[in-house]
Amino acid sequence: MSPAQGLAIETPDNLHAKEWLRAYQRIRAATEAICAPLHKEDYMVQSMPDVSPPKWHIAHVSWFFEAFILKPFLPAYQTLDPAYDHLFNSYYVTHGTPFPRPERGMISRPTVDDVYRYRAHVDRAMEALLSDPPQEHLQEILRRLELGLPHEQQHQELLLMDIKHILAQNPLCPAYRNDLALTPAHDVAALGWHVYPAGVRYIGHDETKEGFAYDNEMGRHRQFVEAFQIADRPVTNGEFLAFMQAGGYDKPEHWLSDGWATVEAEGWQAPLYWVERDGVWHHYTLGGLVPVDMNAPVCHVSFFEADAYAQWAGARLPTEAEWETVAHDAAIQGNFGQGNFVEQDHLQPVAAVQPAEVPGQMFGDVWEWTGSAYRPYPGFRKLPGSLGEYNGKFMSGQMVLRGGCCATPADHIRVTYRNFFPPHARWAFSGFRLAREA
Amino acid sequence: MSPAQGLAIETPDNLHAKEWLRAYQRIRAATEAICAPLHKEDYMVQSMPDVSPPKWHIAHVSWFFEAFILKPFLPAYQTLDPAYDHLFNSYYVTHGTPFPRPERGMISRPTVDDVYRYRAHVDRAMEALLSDPPQEHLQEILRRLELGLPHEQQHQELLLMDIKHILAQNPLCPAYRNDLALTPAHDVAALGWHVYPAGVRYIGHDETKEGFAYDNEMGRHRQFVEAFQIADRPVTNGEFLAFMQAGGYDKPEHWLSDGWATVEAEGWQAPLYWVERDGVWHHYTLGGLVPVDMNAPVCHVSFFEADAYAQWAGARLPTEAEWETVAHDAAIQGNFGQGNFVEQDHLQPVAAVQPAEVPGQMFGDVWEWTGSAYRPYPGFRKLPGSLGEYNGKFMSGQMVLRGGCCATPADHIRVTYRNFFPPHARWAFSGFRLAREA
Amino acid sequence: MSPAQGLAIETPDNLHAKEWLRAYQRIRAATEAICAPLHKEDYMVQSMPDVSPPKWHIAHVSWFFEAFILKPFLPAYQTLDPAYDHLFNSYYVTHGTPFPRPERGMISRPTVDDVYRYRAHVDRAMEALLSDPPQEHLQEILRRLELGLPHEQQHQELLLMDIKHILAQNPLCPAYRNDLALTPAHDVAALGWHVYPAGVRYIGHDETKEGFAYDNEMGRHRQFVEAFQIADRPVTNGEFLAFMQAGGYDKPEHWLSDGWATVEAEGWQAPLYWVERDGVWHHYTLGGLVPVDMNAPVCHVSFFEADAYAQWAGARLPTEAEWETVAHDAAIQGNFGQGNFVEQDHLQPVAAVQPAEVPGQMFGDVWEWTGSAYRPYPGFRKLPGSLGEYNGKFMSGQMVLRGGCCATPADHIRVTYRNFFPPHARWAFSGFRLAREA
Amino acid sequence: MSPAQGLAIETPDNLHAKEWLRAYQRIRAATEAICAPLHKEDYMVQSMPDVSPPKWHIAHVSWFFEAFILKPFLPAYQTLDPAYDHLFNSYYVTHGTPFPRPERGMISRPTVDDVYRYRAHVDRAMEALLSDPPQEHLQEILRRLELGLPHEQQHQELLLMDIKHILAQNPLCPAYRNDLALTPAHDVAALGWHVYPAGVRYIGHDETKEGFAYDNEMGRHRQFVEAFQIADRPVTNGEFLAFMQAGGYDKPEHWLSDGWATVEAEGWQAPLYWVERDGVWHHYTLGGLVPVDMNAPVCHVSFFEADAYAQWAGARLPTEAEWETVAHDAAIQGNFGQGNFVEQDHLQPVAAVQPAEVPGQMFGDVWEWTGSAYRPYPGFRKLPGSLGEYNGKFMSGQMVLRGGCCATPADHIRVTYRNFFPPHARWAFSGFRLAREA
C-alpha cells in the first residue's frame, strides 16, 4: 500500500511507518503553506461562531495528534502546556470540556508564535514515535494516523473557507493572495442531461477493497434507485443570475418554508460574497473582489437556494444515492483526474471544460448539495472511544454534499465521501447540480 | 366508494355529493365535540408559537373550506367578514398574507361566539353547495373536499395537543375532562423482536387502488430494505425511566450534538409534562396530573430523546421504509383495528395488550419517531395552486413519525401516512420503537 | 377628613371606617365599570410583557387587599383558592414567588367568572372587616387601605392603557366603546412661554398637611431652581407632525444615542398608534381609528421622542422641580379643576381651551415627560415589610412623568405625584411640554 | 498658561503652539507606552461589544486629530487611506457612517504595523501644523486640540480597562505586566463619617477661571444640598465580602428591580474578576491572578451592586452634588495629590493610607458611583458640529461616577469631572463610597 496515494492500507503487516511519516510531513507542510500569506492579525479573527481563527486551526490539528496518538502511545511525551488540552479540543466532550466554540477569537495567548512552537513540538514527537514505533501499538497508531491526516486535510479546506470569510468582513476587501492561478474564461455549453436506469445499487465504502474512508461512509448497503436524469454540469453563475433576475429571491412559492424564513431574516438577495458595483455583479474571492464569471459554477449558495433554484427550474436536487451512482461511473471514466482541486491553485470554481460521455465536474470546483439529509447508513457504527464523536453526533439537521471543491486536496476525496452542512450554510464552496425524473 | 370509510373515491363518476355532505357534517361535529369542554378563556391562549388558540383552529378549518371551495365554486357566497381571509389563513403565502402565527393569541375579536357564527355560516354554504353542486366543478369540489376533511381531522388532533399544552402552563393543572375512558393497568411483557429479511419494497401510496392519501405519500417507488429487526412494541415509560435513572439526560455521549445542545438549553430532565411529586413521577394528562403508568408507551419525547435512548440501548430507530414494511404486514394481520385512537377516548397511550404474531401498537397510542428525515419521495409533485403549499414546503429540518396516536381519528391514518415534526418537538403525542440490524 | 375627597386622613383618631368603606366601594365599582364593555376574550390577552390581561388586573387588585389587609387582620378570613396568592402577586418577592409576568396571558383558569367571584369574595370580607374593625389594628388597616385604594386607581389607568394596546393589535381596529364623550374641535393658539425666577423651592409632599401621598413623594426637601421658561401648553399633534415632516425620525442628530438605536431597531416613524390611510394620519383611540386632531396634545410618544422634538425645537424638557414649581402655582389658580381626566370620559387628550395666566393643561390630558430620571428624594424611606417594594425598587432606568392624563381618576393625582416609565415606553398616555433657559 | 499642567488656556492670545505640541507629544507617547507590553494578537481581541481591540483605540485616537484638525486646517494634508475615515470613526454619525462597533474585532487589516504607520503619519502632520500654524485658525485648532488630548487620555484609561477584560477571558490568566508597583499591605481603620451642613452650592465648571472642562461639566449652577454625612473612604473588599457572606447576592430585598434581574440573568455572585481558589477569593488584576487585598477599595462592581450594598448597610450613595461639595473641600486640603492614579503604576486600587480631616481617597483608586443619573446641567449646550456628539447624546440610561481611578492620568481629572456608565457595567475600575442623612 502507499499512504502517499490515498492514505490506504493494503495489509497492516507490511506497513512502513516511515512511509507514513513522509505522508504526515507532507500534509502538515500543506497546512503551513496555506497559512503562509497570513498576518498575525488575520490568525486572530472569528468572524462568526462557525468560523475558527486560523491560529486555533493550527493548534487544534496538532492537539488531535497529541490527544489521540502521542499521549496514549508515546510514554515519554511531555505536553508543552497542560491548558492546551482544554483550549484546542474542538468538541470531544468525552475527552474533556472543550473551550467554548464562539469564544475562540477571545484568546490572544498562546500567540501565533507559541502555537507554531506547539506545532513543532508535536511534529518532533510524531517523528520520534514513527521513527521507532512500539510494535504492540503500531496498528492502532496507524489507524489513528489514518484518521488524523484526513482530519488535517479537512481543516486545510476549513482554513481556506474561514480565511475567505474573515477577510470578506473587511470593507477593504483585502486579497488573501495575488498570485492565484488564472481561471480561463470561456463559454460553457447549454445544460445537457444524462439518463440512468432504475436498479439496485451498492452505496457506501467497500471495506473489502483497500483505502481509507470515514465511519460515515461505512455500512455499504443496497439501495434501489429509480430511473433518473442528471445534469452534465453544475448550475452556473449565469444561470443563477437568471433566477435572481426572475425575482427568485422575492417569490416564496419557490422556497422551502425554512428557506423563505431565512431569506427574509437575512435579507438574502444573491449568493454570499456577491455585491453589485456600478451595475455589475462582483464577488469576493481569495484573490480579491472581481467580476463574477458567468460560466463558472455558482458557489456559496445554501441548500435552500439550491432547492429554490431547482424548483424554479422544474427540476430537483439529486439524492445521495443518485449522485454516487453517477460519480461511480464518472470516476471510472477518469473524470476525477480533471477536477479543480486545491492543487490547481485557482481556489475558485472555474468554467467546465467541455461536455463529455459522463456528467462533468463531479469532483472538485464546488461541493454539490444533494437532496438527502445527513443520516447514518444502515449498520453505521461509531468509532470506539472519543473518536466516536468524529462524525456520528452531527447526523441531524444537516444535508449531504458530495464531490469536493476547489479548496479540497485531491487525495482527500472519494466517490463515497459524505460532507454535510446545515441547510442555511453558505460559507463552504457549495454549489449544486440538477436532477429530474427520467 | 364510501367517504364514511376512509374518505376514498372509487371513480369520480359515481360520487354522491350527499354522502360527502354527511361525512362533512360528521367531521365538523367531531371538531365541535372536542371543544365542548372548553371555557371561552381557554379558546384564547397561545402557549407557544407552535400552538394556536383553539378559537383560531375553529376559524381556520372553516376558512379552508371558504377559501378553497366556497369562494371559487359557490358564486352566491358572501363572506361574513372580508378580514377573516387574512386572520385565518395559516401559511398560504400564494393565497395572501397570512396573519403572523406568533400573534394568533393577540386577537380577541372576532370572539368565540363570532367564530362559531362564522363556522355555521360556512356550514350552511357548504350544505347548499353539496346539496345542489355545479356539475362542471363537481370533481374539483370533491377533490378539494377530500383534502379539506382530513385537514380538519389533523386540526382535531392539533386541538387536543394544543389544549393539553395550554392547560399544562397553568400551575393549577386543570383537567380538560374528568370523564375520560379509564386506562387498564397491567404489566407488559419484556420487549421482543421480529426479524425482517432483506428485499425490495414498494413504499408510498398506491394510486391504482382506492383511497385518499396526501401528496407527500405519493410517488410510490421501490426501496431496497436490508434485513433488520424491530421491537414488538414501543418503549414504555418504565423503560424510559431506567434511561433517566442511568443518567441518560446527563451524559452527552448518548446524544446527537443538536440534541445535547437542546437538553442543556432547555434543562430537559424528563419527558414533557413529567413532574416529580413526593418522589413519584407524575405527568400532566388531559385528565389532570396523574402518576405515570410505567407500562404505557413513553410519550411527549422529542426525536433527540428517542435517538439518545436508542443509542443508550444499543439500538436505533427504524427508517420510514422499515416501519412501513412492518406496518404493511401488521395491517394485514388486523393490528390496525386494535389501535388506541381518539375514538377509544383515553386521550393517552395505554399499555400494550399482549405479544402477537406481528409487532403490536403500530397504530395509535403514540406517533413513532423514525430515523428518516422528512424529504420528498422520488416523483413527488406539489398540488396545483395554493394547495401546493400543503405539505411540500415543510420538507426540511423535520423528521418523519408514523402510525397515529391516541388523539388521531382512526379513519385518518394509513400505513403510508407520513407525519413530521422538528427533532426537538415534544408537544405531539410522540413516542418511539426500537430497531436494530438483523 | 374625607376619604371621598382625596383619600386624605386628617388625624387617625376621627376616622370613620364606614366612610372608608364607601370610598372602597366607589373605587372598586369604578374598576368594574371600566371592564364592562369587555368580552371574556378581551380579558385574556397579554399583547406584550408590559401589558397584563384585564382578568389579571381584576384579580391582582383584589389580591392586594387580601394579602395586605384581610389575611393579616381578619382572622376568620378564608381564601377562595390558595393558589391565587402565587398567581396574582405582581412583584412582591418578599411576600412569595410571583407568577412570571410574561406568562400572565397563558392562564385561562381561573376564568373571568371565577375571578369576579374572587373579587366579590374579597369585597364581602372587606365589608365585614370595615363594618366591625378590630380597634387595635384600625390605624394600620386604614394606612394600608389608604395605599390599596390609589393602588386600584393606578390599575384603572393601567387597564385603559392595556385595553387600548390589546385592541390595537387587532387588524380589525375594534373600538372599546362607541359612546365616548366627543372631543370639541377648535384651533389652539400659538405656543406661549411663562418665565419663572430663580430661587429655592420646596419639593415633595408636605407631611405636615393632610392628604395621602406615595412614599416616593416623601422626603420634602429644598431645591434651588435656576430661572427658566415653560410653555403654556403641551406640544400638539400638529406641531409634532411638523417635526416628522422635517425628517425628525430620520436625523440622528436630534436624538439621544439610546433613542436613535430604538428608532432604528423598532422602525419608529410616528407616535404609537398612528397610521397613514390615504394620505391622512389616523390614530387608534379607545373609540376606534380616527383622523388625528392636530390641535390636541401629542400622545403615546416616548421620552426619546419628546427629547428629540425638544432638541429639534431648540428647547428642552422641564425638570421635575421646574414642573412642580409651575404646577404648584397653577393648582392655586384652579388649573387642576379644568383637567381632562377619566371622569370627562374622552379617554383621549383634547385641544387646550384657551391661554391663561398660568400654563395650561398641567393636569390631565397627557402625562408629561420631564427631563429628570426617577431617583429617590433625599430622605426617601421604603415602607416597612413587603409594601416596601411598592415604589423604591423601580428607581433606576426610568424617567419621571407628571400631571396625570385622560385615563387618570382626578382624585388620584397631586402636584407632587411622580409617575415613571422607561424612556422607550409609549403605551401610556404620555406627551410633553417644552422648557428653556430664561 | 501651561498646557502641561491641566491643559488649560489662560488667554487665547498668548498661546505658544509649540508648548501645545510638547503636550501632544507627551500624551501620544503615554498611549504607546501603555501598549508596549502587548503582542499583536492582544491588539485584535474584542471581548465584548463594549470593549474595543487595542488596535482600534490606537487608530481611533489618531483619526480624531485627522478628522477634526488636520483635514479642516492643514490644506496639504493627505490621508494615508480614505477607508480609515469609516473604519476608525467611533460614533460621530453626523461626520459619516461609523464602522459597526460590535465588529471592530473582525478587521485584521490594516495590521498593527499599518496602524502605527497611520499614527506616525498623523503625528508628523500635527507636528507640521503646530510648528507653523495658520494664524486665522489657531484659536479653533487649539480649542480642538484641548479636547483631543483629554480624549486620548480617556482612551488610555479605556485601553487599560479593555486590556484587562481581554486578558481575563483567557483561562491562562496571563499578566499584562509583571513589574507593576507593589501595593503596600496594611489594615485600614474602621469607616468614619463626615457631616456637611445644608446650603446652596455652586456645581459645575467655573468658566470664569482657567482650565479645560468637558461640555457636560459646563452650565455652572446652584443646587440646594440638604445636610448629609459621607464616609471617609470607599467601601473595601473586606466590607464587600461581608455583604457577600451575609447572602447579599441571594436576597432580592436589597436590590433595585433591574439590579436583581441582572444578578439572576448574569449569575453574579461576586465582583467582576473575582474567583474562588481553594477557599480563598482571588481576583484577576493587570498583574495576573492574586488574592484579594481585603483592605483595598472594592472595584469592578456595578451601580446595582453598589446600591444593594448601601441598602444592606442602611446607607445610600451620595448624589453628584454631595460628592462635588465634599471633593471641593478635599481638593483644597490637598487630598488630590495623594491620589492613586495611573502614574503610581499600581493599576489597581490600594488600601487607604490614614484617616484625615477630610474624606480620603476622593481622587484616584476607584471611580465612585453616585446616586445621580447622568443628565445635562441646566444650560448645557452641545459643542458645535460633529463634536456636539461628544457627550450629550449619552445622557440617558447611565449613572454618574466621580473622582478618577488607578488607571486615570492625574492631570485628566477634576473636581467637576463627570464620568458615566450604565448601571450594570463592571469593567471600569468602579467602586463606591457611602452617604447617609445627617
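Note that the chains take the letters A, B, C and D in the order they are written out, and that residue 1 is the start of every chain.
Here is the rule we go by: a residue touches a chain if its C-beta (ideal position, glycine included) is under 8 Å from a C-beta of that chain, and two chains touch if they have at least 3 such contacts.
Because the structure is a prediction, the values reported are computed rather than measured.
Taking the mean Cα position of each chain as its centre, A sits at the greatest distance from chain C.
Chain geometry summary: the mean Cα position of chain B and that of chain C are 48 Å apart. Here the CA centre of chain B is 61 Å from the CA centre of chain D. With centres set at the average Cα position, the gap from chain A to chain B is 38 Å. Shown for chain D are the residues in touch with two or more other chains, of which there are none. If you check each pair of chains against the touch rule, the ones that pass are A-B, A-D, B-C, C-D. Remark: chain D residues 91, 93-94, 198, 200, 221-224, 226, 228, 252-253, 255-260, 303-304, 307, 316, 319, 371-373, 375-376, 378-379, 388-389, 393-397, 399, 423, 437 touch chain C in the complex.
The touching residues of chain B, counted against chain C in their complex, run 39-45, 47, 55, 81, 83, 86-87, 99, 103, 105-112, 166-167, 169-172, 174.
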